[in-house]
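Only one structure is covered here, and it is reproduced in the block below.
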Amino acid sequence: MLLGRVAGTLVASRKEPRLSGLKFLVLQQLDVDNTETGSYVVAADAVGAGVGEVVLYATGSSARQTEFTHERPCDAVVMAIVDTWEVGGDERYHK
Amino acid sequence: MLLGRVAGTLVASRKEPRLSGLKFLVLQQLDVDNTETGSYVVAADAVGAGVGEVVLYATGSSARQTEFTHERPCDAVVMAIVDTWEVGGDERYHK
Amino acid sequence: MLLGRVAGTLVASRKEPRLSGLKFLVLQQLDVDNTETGSYVVAADAVGAGVGEVVLYATGSSARQTEFTHERPCDAVVMAIVDTWEVGGDERYHK
Amino acid sequence: MLLGRVAGTLVASRKEPRLSGLKFLVLQQLDVDNTETGSYVVAADAVGAGVGEVVLYATGSSARQTEFTHERPCDAVVMAIVDTWEVGGDERYHK
Amino acid sequence: MLLGRVAGTLVASRKEPRLSGLKFLVLQQLDVDNTETGSYVVAADAVGAGVGEVVLYATGSSARQTEFTHERPCDAVVMAIVDTWEVGGDERYHK
């Protein structure tokens, strides 16, 4: 999994029928020091994450292993809202 | 999922039998500011997207989770036409 | 899917038993303007592609969705021979 | 699989229900000479790895092939603690 | 699939139970001209490859499609020992 910050939302009214009801979030990818890498991903939301929150997202077939994304054409999902992480004993982020 | 602009179409008359009937789109990948990254992908079309439209595409096994691509040797699919997205409260694209 | 040109073939007599009978092609990856990117992939052939032909290849689990590659340890397959594609109304390749 | 050093842990109290009980490790990716590459990944722990240990991790659907991660939205797992590896006859790491 | 040279072996005594019996090889990735790219991967061995041999390896879920790796948390497998390949009519490697 990788870290991301919820930067905003995306709206798509014309889509594959199986996607109806899914909320799409635009994530800015974060490195381990909590700075943006410049990469992004659009992910389905499985946990009710809000703009500005730091989240963990999964990609590939693992992104379909939630109640919301099961058997849907979705390759990225926000599956956790991060409270804190540390590297080398130093806290790099705290919600 | 990532963002792309439909740049054109691709025709392949000799192909794996399971691919018959699929429409192939050439997508220019977009970054979060709606500018082209220089990368491309050829994706199957599951939503009737037209040239010039901004779309969302899924890759890997998730690309087979549509009516059109189920159990086909296809690793990228256009599964939504984008209306709008925003980043940090600013709208970056509006159809 | 991505575009490639069949650059040559690969022979491997000692291999996983499930791979017997598969033909391996060395592909030079192409960008959307039909120039080589410098990357390559070795792919199984599902369509009888010949050296010099421009093809479309799929990777990951989707590479196993052909008659030839089903349940085999193969992560890339040539699944179509390209006739033509266009970008922005301009034909970039014609067989 | 790739090599990583366990740099720390990550806590996420609000998450997809199927993730409850999983321990998340922050891994610094290592190259073959046992130096950090600058990349990281957050992986589930399937072997009880501790901070500072050198581990092997698997990604994608293979990350769900452990007792802890089966059918969970998890795309990276620590599945082995490394004792030693060698390259060209030289030992590059010994626990 | 990609090409690699078996650079050495890796030992991990503490690992996920399903991995017991698997042999791990450290592969240096090769480009199409048979020179090292600087990237590596640790792969399970499904064909009895020895140090110094040039091999073909598969990644992702396809890496689990061998007798040795079925349903194991393994995302890379050596599935063939290469005899020869050619590019543009020139042999680039011969065992």
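For clarity, chains are labelled A, B, C, D and E in written order, and residue numbers in each chain start from 1.
The criterion applied here is as follows: a contact is a pair of C-beta atoms (placed from the backbone, for glycine too) under 8 Å apart; a residue touches a chain by one contact, two chains touch by 3 or more.
All values derive from a computational prediction rather than experimental measurement.
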Task: Any chain in contact with subunit A as well as subunit E - done: D
- [ ] Could you give the separation in Å between the centres of subunit B and subunit C, each centre being the mean of its C-alpha atoms?
- [x] 20
Open item on the list: Nearest whole angstrom, what separates the Cα centre of subunit B from the Cα centre of subunit D?
Closed with: 32
Open item on the list: I need the residues of subunit D touching at least two other chains; which ones are they?
Closed with: 60-61, 63-64
TODO: Name the shape of the chain contact graph, picking from line, ring, star, complete and other.
DONE: ring
TODO: Starting from subunit C and stepping next to subunit E, give every chain of the ring in the order they occur.
DONE: C, E, D, A, B
Task: Footprint of subunit D on subunit E - complex, ascending - done: 7-19, 24, 26, 28, 40-43, 51, 60-61, 63-64, 71-76
Task: Parts of subunit D lying in touch with subunit E, wherever the complex brings them together - done: 1-3, 31-32, 46-48, 56, 58-67, 69, 77, 79-89, 92
